[in-house]
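Accompanying notes for the structure given below.
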Amino acid sequence: MATKTITKSIPRAARVAAPAPLPAVRLTVNKAYKMYVGGAFVRSESGRYLQVTASSSGGADPAIVNVPRGSRKDVRDAVLVAKNASEGWAARTPFNKSQILYRLAEMMESRRSELVTSLLRGGTAAAEREVDASIDRVVFYAGFADKFHALVASSNPVAGPHFGFSVPEPMGVVCVIAPARPSLLGLVSTVLPLIASGNTCVAVCGMDDPRTPLLWCEQLATSDLPGGVVNVLSGHASELAPIMARHREVMAMDVWGVDKALAAEVEQLGTDNVKRVKVHGPQADWYDERKAQGLGFIERFLETKTIWHPVGI
Amino acid sequence: MLVIVAEPVILSPIVTLATVADQTSGARLVAPPNFNPASPTVDQVAVEERVAALAKRSLKKASKVAGLKLAISMMDLTTLEGKDTAGKVRAMCQKALYPLGSDPSLPQVAAVCVYPNWVRLAKQCLAGSNIKVASVATAFPSGQSPLPIKLDDVRRAVEFGADEIDMVIDRGAMLSGQYGKVFDEIAAVKEACGAAHLKVILETGELGSYDVVRKASEIGIAAGGDFIKTSTGKVVPAATPAVTLVMLQAIADHYRATGRKVGMKPAGGIRTAKQALHYLVIVKETLGDAWLTPDLFRFGASTLLNDVLMQLQKEKTGNYQSSEDFSKD
Amino acid sequence: MAKKTDSQSKAIAGRAAQPVSGSHALDFGKAWTYAPSPEATDHIKLDKRYELFIGGAWKKPRAGKYFSTISPSTEEKLADVAEADAHDVDLAVTAARTAFDKYWSKMPGRERAKYIYRIARAIQEKARELAIVESMNGGKPIKESRDVDVPLAAAHFFYHAGWADKLDYAFQGRRARPLGVAGQIIPWNFPLLMAAWKIAPALACGNTVVLKPAETTPLTALLLAKLIEECELPPGVVNIITGAGPTGAALVNHPDVNKVAFTGSTDVGKRIQRAVAGTNKRLTLELGGKAANIIFADAPLDQAVEGIVSGIYFNQGHVCCAGSRLLVEESVHDVIVRKLTDRIATLRVGDPLDKNTDVGAINSKMQLTKIQELVKAGEDEGSTRVSAACALPAKGFWFPPTFFTDVAQSSRIAREEIFGPVLSILTFRTPDEAIEKANNTMYGLSAGVWTDKGAKIFWMGQRLKAGVIWGNTYNKFDPTSPFGGFKESGFGREGGRQGLAAYVELEG
């Protein structure tokens, strides 16, 4: 409910200096953070919100920020738009996907400082490192979008007068529970391989710092990526993951850093439509390019399609 | 009298010629302008797979004997050589009448097949029997002569007494897309045959693909052929089980659409009893009982008979036979 | 078609196929018939009783329980087979673990390869025996077990043997490590072949195996165990235990199993997926299907009919990838139905050991009942049934080749897997509609497309949500060719380089 939204209208500087005479500084316009669904920025249909702590070292946000707390119906809506976007996105040429993802990297680079200040560690070298790694990761997968096929496809030398080949195909809608941290790099590292191969996704961003992932969505929105290909919800993984697991339109889930009980629950619930559920322990190092990116991340959410045809006249 | 066949002539996937019945009135069919029958395509691999599967039918004892006897009764015993003589033709006719002198229970063959020059002699030799005399004609085997000469060839053979005419189609016309020409020639030959039965040789070994075989079959059937036949025996490959199946399927479709039964004659390269049984299995499982008769199925062969006789003797005696036990004519 | 609510297969014998109106029907009668041609079985010696193959030895089940296995074509008992309980399963898994630690994971790939090659050769040497027993125990025609199941089983071992020392090439610079002990549960439709599909890649990748064949068809897996024993594989590398559902459950739930591989029904597959949820066990599932076999008007129609026949009547339709939904472009519907009516009249149903049999016995009483129930549902929903008018043997479990016309997309027989020789024929008008209908199912294992137009094959191929697509052919299998499903037809692939991924952990 909008009425629950707390708006801090007094800038931090004023608070620190209070009591003060009439504010001499200009009042900051605070941003209302929204989730990204179907190419639009939306509040939770439930009206619920979560409060998170913003950066302590700069940035325009007040100390306490409200973000939407995604609900069952938000999952429903997001999965629907992801499903509707699926066929069109998968049908785009790999080259076109590659171009769009590279465009995303450009958008990130041009708003790099904004991402850097937004991160919890705002403005620090660590934040710069995370943003740079995130941009580079996008570039990595942009360049992979038209290449992984050659690495996983095969020509099958069958013992008969047939030509056979196997090609990778996206699964469809994949839901992601992104790692809690690093919130930006974690989300980028899990979402990009999915969409590079033609899946669409609904991700629950890491809630240690949801503001930066939601900010990143503004870059997604300006990157030529069609609406619905990536949808980002904020909220509790423990609440949303089981809903995603039960959703029969969702073909697969990529679950990072949840506790054992939730992981088991998600795996259990996913069996209703034989969902491909991948549960991961904490990733040791999202900066390690050898371990945190690669073909394996793409391959996990591919189907293999084998085609046979006779060879004759 | 010329009758222009009404458009549309032949429609995929079942080929029909509404006016085929006109042939009984003696009218000659003529293809419409730009005639190009839309015949279904044929998948080579699947056709060959199907005949290979049918080759695995296991025929034992009574069914083997019955099949081999049926094969004899369907044989067009053939000699078509430049060196054919009266002696050769007489010997062949004798074999046709009495395949194995020692076993009168064996059926006679369906026909002998010779060049026009030997039709009269063959008729004399076979007088009083039910064995037909078939003659090749139409500038056999290439067919590369003007139509009047081909028709003359046919009329002459019929005049000599041929019961059946085995004509060749103009493969050049077929492969250059002159389907109307192919059709018209067959129709003209059919007219020239009069009461004689017409077998239309497609010479499948020269047609290059099953698609063309299928289309040529449609044309041969539509233009009035009583039989369609694979080969002259002068081109390799001659008859194969797969090409035979493709032609049988054209016959089946024509029958389903019109009720008219067209016969089939694979010729050339069929030398063993095992091969003959394979063909019979293909016929049985494609066209069914009605075609398991010499009226609708023939083998064109020169050396097949001895192997069939040998296998029959083996079944009878239980012992494997020597080829020297059977006359080589 | 008169409604036979009891759907007794015997009652169908002699019932004529429905004539197609306005056509001249071909007559496939008795002008020339094939005499019985039974495969000689005098050289086959089955044991009276089979024990459990654990740790390289034949062990009696602890509980001393046995069940009998029969021939579905005669209902005669063939042998008694041990029923493994949880204790026996534990012994087998322990034996596999020991073999993994002691021998198999330490052996160079080159040596593993040679053991697997030995198995391949031994299968070829015993091919006829295996084929006969497969047909006796499972009911499938000898021509299929002889020409398909057994040669393909040997081919799978041959193919995977060669991978054993080449795993370093298989995964783009990543190192492949074996998983450990694989628990494998296989179905009754291709008993030996499925054992090969499971065991060969597991061994090639360095895993050890506990395999449970289906309870109705254990015999060829037990013969395979014997053969593996004769190949002198280190004890415990392959363990074969027999039993029903509880035995399988004990295997799936055993804590020391690292990998579960299952082929069978989607229902059981989901139960297994639930059972391994929350564990670290790796899982691959190859489950049910309701494949669309799509015939366009421009297809090579006579060959398409052959494809329909091999799609649904191969192995009595007991095939997960069977082309059980025929989608025909409406303009050729009547032609296809007429051709198919003629074609099924030539199918020879009967003694699986007769070399001329095309369609054998239904695998079990239970399966027959299920088929009968769904066929009745088809009749009740108003679809038109056509069954081949073949005489069926008095004993055994039989169902004649059957198809339904006038089937709606919503009909049960168009949605549920029948797993029998029963085809549902539907029509479509445009390629888009064909895709929409073909994909309108929870399954996604396979599909067929018949058209003469190359571009259309690729267009369809891109849009069909299925793991295997046969263009102008159907039901083709090869060890080099990855097989497996989309959606609720399971996950993971078997065959090809891609199939190895199910049995390795990748590092780097």
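So that you can tell them apart, the chains are marked A, B and C in the order they are listed, and the count of residues begins at 1 in each.
The definition used in the following text is that a residue touches a chain if its C-beta (ideal position, glycine included) is under 8 Å from a C-beta of that chain, and two chains touch if they have at least 3 such contacts.
Model, not experiment: these values are computed from the prediction.
With chains as nodes and touching pairs as edges, the resulting graph is complete, every pair of chains being joined. Ranked by how close its mean Cα position lies to the mean of all protein Cα atoms, the top chain is C. Averaged Cα coordinates give chain A a centre that lies 71 Å from the centre of chain B.
Per-chain Cα centroids separate chain A from chain C by 40 Å. Averaging Cα coordinates per chain places chain B and chain C 43 Å apart. Among the residues of chain B, those touching two or more other chains are numbered 43, 45-46.
Of all residues in chain A, those that touch two or more other chains are 162, 310. Multi-chain contact residues of chain C (touching two or more other chains) are listed as 472-473. Remark: chain A residues 91, 151-152, 154, 156-160, 162, 164, 166, 171, 251, 260, 263-264, 267-268, 270-274, 276, 290, 295-296, 299, 303-310 touch chain C in the complex. Residues 12-14, 40-43, 45-47, 49-50, 56-64, 66-67, 70, 249, 252, 255-259, 280, 284-285, 287-290, 292 of chain B are the ones that touch chain C when the two sit in their complex.
Across the interface of their complex, chain B is touched by residues 23-37, 143, 147, 297-303, 306-307, 332, 335, 338, 342, 345-346, 355-356, 452, 472-473 of chain C. On the chain B side of its complex with chain A, the touching residues are 43-46, 48, 208-210. Partner chain A is touched in their complex by these residues of chain C: 155, 172, 174, 266, 269-270, 273-274, 276-278, 285, 287, 442, 457, 461-462, 466-473, 476, 478, 480-484, 486-491, 493, 496-498, 501, 506, 508.
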